[in-house]
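In what comes next, subunit A is part of two complexes: it sits with subunit B in the first one and with subunit C in the second one.
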Partner chain A sequence: MFQNNREGLALALPAAVFTAILFLLPIGMLLSEAFQVDGHWSLRGYLDFASKPLNQTVFWRSLKLAGLVAMTSAVIGYACAFCIINLDGKNRGRIFGLIVLPLMISPVARTYAWIVILGRTGIVNDAIIGLGLSDTPIRILFTETAVFIGLLQLFLPLMIISLISSMENLPKDVIAASRVLGASWLQVFTKVILPLTKDGLVLGGTLVFTGSLTAYITPAILGGSKVLMLETLLYQRVNVANDFVSAGVIATILIVMSFGANILLKRIAAIRS
Partner chain B sequence: MKRLLTLSTALGLVTGAAMAQDTLTISVYSFGMDAMTEAVFGPFEEICGCDVVIETGNSVERMAKIEANAANPVIDMAVMSAHDALALARKDLLQPLDVSQIPSHGDLYASAQDPIGGNFAVGYGFYATSIVYRSDLVEINSWADLLSDDLSGRVALPNITGTQGPLTLHMLDIALGNNDISFAATIGAVGAHADDIVTFYNRSSELAQLMLQEEVIAAPIGRFAWSRFSGADLPFAWAEPIEGQTGGMNVMVMTKDNGNEALAYQFMDYWLSTEVQTRVAEALLDSPANAKVVVSDEIAESLTYGAELINSLNMLDPAAIIDNREAWLENWNENVVN
Partner chain C sequence: MSSKWTSRIIIGITLTFLIGPFLIIILAGLSAGDFMTFPPDGISLKWYLKVFTVESFRASFALSMFLAVFGTIAALILGIPAAYAISRYDIPYAETIKTIVAAPIIVPGIIVGLALLRYLVVPLGFTVTLALFLAHTALVLPYAVRVVSSSLNNLRGDMEEAAVLLGCSRIGAFMRVVLPNIQSGVLAAFILGFVTSFNQVPVSLFLSGPGVRTLPIDMLSYMEMTYDPSVAALSALLAFLSVIIVFVAEKFLGFSRYV
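Right, the complex of A and B next:
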């Protein structure tokens, strides 16, 4: 496109400088603070963080919920994506639009809606009492269940979109061919669909896992202070304790876990192939 | 992070240098900004013929900004809680106020005239804190009722990370007969009832929603949020526990060596004047610290108003908050939310 590389590099330079100064440099400064205690390089921040029971609880809870949301999204996502790609063009567009629609609504509004839905007088408790499953409303808000539901609703569309994109490239005859050759539906999924759509699963899994891990609004609103996650703990350390070392440690952990999840999913996908 | 704040304000410094000399930069709460501009900031600009540049954010962000720019202050004057002001004073980031430059100072309630000592701050607004509850479902006579079986599963407490959290622990501490500023036994008692507490809320708006949808029927809250409940269809009441009400004070401070002291004093005096404090009170933006302010009974109902109430507030010493809050948070994290 360009007569020489210099022209291309010159055009990319403003964006590169912008990114370096306003993104990479602050991130580097933030992360470096996590390795400094009293002006000296040290791992003490990490050791102190790891030694506290609350931090351990929050770390494992964050990992567990993000993992559960990603796995559940994958299960629901495959079912939805498979149904959608088998619809005719017009209906596929409509359903796809409905899936994308929540992404256009503010996460704050969506999460606040769950406060009403999951509350003592919300439709979930109305249904539970109406079906005779309980005499009194059960407490769902401010529990891990509420955070799980909120995160799943928030990130499921990303998984479905990734899987639809991947399944659209699936050769149309392979499923029919494998069935004709005697494969059960479980075998069709594990031996045919899953290997051929692994890129979509890796992409969707990474988006959902890292999104769930780093989400702040949903855990803060639906979990409150009783269900602290790494993001809400980070906010607490900065805004209450003015503890930027711990905040840097948590930020580093979140970044490492996000990259780690992507690498792990790619490795798993590579093993299968 | 402090380096980041310095970096982020560098641009502000450059543009600030180009501004006219008569510019006052203030750091204030973001609550009711449009109304505050109409009641205070806008009219002052007309009087002084200057520009008022407003910086907002939460307390920690605003304090960090003041600290990061200590060598070359960007903020001239700030408002914050009394204990945050004391924290800045201890870091030598504030200058003592020359109260002779603030004629309205003499009109303030005695407790607002020098709330943290050394004339490092002056109070501009009070707030009472008590328990709001559903009068048709429960009766509240004591702060200890918050942990009673009657309220199990229907009560919310403020998070310890907010202003109301330590105040609630303070009153629970008195009600439970502990009287220990470490709050160790009281935090233990809250921890023992953690499963009975619906949530530890962070914002009054959050609590208002939970109470309006009947998730919660009793919770401690600042009087500044009472109007969210008093106009509701449900029968909410403001408790007057036998241990009394607690509360706090917001103060004005002047950053050290900001070079804009004259304009800052003029602004502080204006905000503390009977005229402006009345206007702010009538707009329900703040409860007045000026003892000469007179408002109607209807307005007073939504405020922390009058010498009798203000003098009766069982406030927590700002120094005690600063000296103990890290330990409170550690204890809380271990025993309540872990």
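Right, the complex of A and C next:
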């Protein structure tokens, strides 16, 4: 540890100043613009925004989809993480690699695949018609279902990784012990596994929830203008209507929720250590 | 044993859901027909080859490469000293500085792009390329600081103190003792930054201008207009590129330690 703090500060400041000028300053201005209507400070931008049915629909839809994706990924994540943790070392590394791999691939490429699968002439519709379940293709693309599937595929790996890392600290004999002592699998899960992996669940849940809430690519490709979410609505408000007040309101909602989730996360990490 | 099979089935279904779409997109790109269908109409490489001849893809690929390489280098130039200061000095306001530098990860990208455009790029008359370069640098900076910090924390501080005591200048000690020892961390930070920047969409959305856009944005607007398999072919090629980069990085650096 060097004692010359002025020297240290000189090394750290360029990065901090760069980020402050490029990020914090413009974002602060954008957020404050939502509180200004006709040159006065007022909450009218927020009230106007909240009074429009479309905005309400988009807000609740975003919360609902983000919540559903987080819950579904928790269910699949627990099952999958539990199976992976019980594999032997070599297979475990391989499977883990395959789970992490999609995170490095362009989200546009990842989402585009679902157009091929869910589209009118896609695999799912071919199967439905082939099985005689329907005569005409059913619409899956540009529905909430399509956005849900796309988001789940995009964010599930984050949940699985978080759960695996918390399960690695889980002593294996506690499960065997509780089984021997007569607990059912449901009891083992709710009374033993869940409390001991709470941190991983909260971390994964927060990452998946905020990721889904602030997603742009998935709703843009799989939802289009029919299934707007907060970010696609923001883009549309700016590009179609030049409406920077609504944009500021949506930005505030997104930032408050992201930071809220982040603070929650740090609190929980602090309790743990 | 039945539980072994249950476990295999659960892992199998999850992996099919996560990886399967890529296999489908690779095959869809191999179609000989003019529209996206699966299974493909015949097999040909024409869409994979066509991707290289589309002028806008070439231009946007070049821009994305430029931003990913030079944006990440700029982020490392800013980030390595910051990481060094955070791990080796007891600087005032260290927590505040860390929070400021980490902010770009937490703030949703689309807001960053919009705010930059409205309050910095337009008033100061930046060109599109400069605006994108600054935004990508700021976006990659937190990753650079985090990864380099973690590799500095694994390196004992007394090595460079010894070098200084033996008559090396402070900068000399950093260049000759510290840098060679954190090489692989810096390389890992570069790869992570490169991938993050290259795949980035929301930040570049508002900043891209007419004729100047990054590859993912170009793909988004191309797929709105046409429904031919070229985007599938391009997506498959990008996926291959990522897989190769990650595979090589894992092999030589143990990349997953840093992510």
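In the analysis below, the second predicted complex is superposed on the first by the 247 of 273 C-alpha atoms of A that agree within 3 Å, B and C clash if a C-alpha of one lies under 4 Å from a C-alpha of the other, contacts with A are read in each partner's own complex, and residues count from 1 in each chain.
Following the convention adopted for this analysis, a contact is a pair of C-beta atoms (placed from the backbone, for glycine too) under 8 Å apart; a residue touches a chain by one contact, two chains touch by 3 or more.
Keep in mind that this is a model prediction, so the values were computed, not measured.
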Practice item. Based on the superposed arrangement around subunit A, label subunit B with subunit C as either clash or fit. Key: clash
Exercise for review: Have a look at where A:F244 lands relative to subunit B and subunit C in the superposition and call it first, second, both or neither.
Suggested key: both
Check your understanding: Who touches more of subunit A, subunit B or subunit C?
Key -> C
Practice item. Name the contact category of A:A270: first (subunit B only), second (subunit C only), both, or neither. Key: neither
Review point. A:L43 contacts which: subunit B (first), subunit C (second), both, neither?
Key: neither
Exercise for review: Classify the contacts of A:I123 with the two partner chains as first (subunit B alone), second (subunit C alone), both, or neither.
Suggested key: second
Exercise for review: Once the structures are superposed on A, label A:I115 by its partner contacts, choosing first (subunit B), second (subunit C), both or neither.
Suggested key: both
Check your understanding: Should A:M29 be classified as contacting the first partner (subunit B), the second (subunit C), both, or neither?
Key -> both
Check your understanding: Which partner does A:V174 reach: the first (subunit B), the second (subunit C), both, or neither?
Key -> neither
Check your understanding: Does subunit B (first) or subunit C (second) touch A:I99, or do both, or does neither?
Key -> second
Point to revise | Partner chain(s) touched by A:V256 [first = subunit B, second = subunit C, both, neither] | key: neither
**Study point:** Residue range of subunit C overlapping subunit B upon superposition on chain A, of 113-121, 131-139, 167-175 or 239-247
**Key:** 113-121
Check your understanding: Where on subunit A do the contacts from subunit B and from subunit C line up?
Key -> 26, 29-30, 112, 115-116, 119, 121-122, 220-221, 238, 244, 247
Review point. Can you name the residues of subunit A that touch subunit C in the complex?
Key: 1-5, 7-9, 11-16, 18-20, 22-27, 29-30, 76, 79-80, 83-84, 86-87, 95, 97-102, 104-110, 112-117, 119, 121-123, 126, 152-153, 156-157, 160, 214, 216-217, 220-221, 231, 234-235, 238, 244, 247, 251, 254-255, 258-259, 262
Point to revise | Residue ranges of subunit A touching subunit B (in the complex, touch as defined) | key: 26, 29-30, 33, 52-54, 57, 112, 115-116, 119-122, 139, 141-142, 220-221, 224-226, 228, 236, 238-242, 244, 247-248
Point to revise | Touching residues (chain side subunit B, partner subunit A) in the complex | key: 1-4, 7, 58, 60-61, 63-64, 153, 159, 161, 194, 197-202, 206, 209-210, 213-215, 325-326, 329, 333-334, 337-338
**Study point:** subunit A-touching residues of subunit C, taken from the complex the two chains share
**Key:** 6-8, 10-11, 14-15, 17-19, 21-22, 24-25, 28, 35-38, 78-79, 81-82, 84-86, 88-92, 94, 97, 100-101, 103-104, 106-112, 114-116, 118-120, 134-135, 137-138, 141, 145, 157, 170, 195, 198-199, 201-202, 205-206, 216, 219-220, 223, 231-232, 234-236, 238-239, 242-243, 245-246, 250, 256, 259
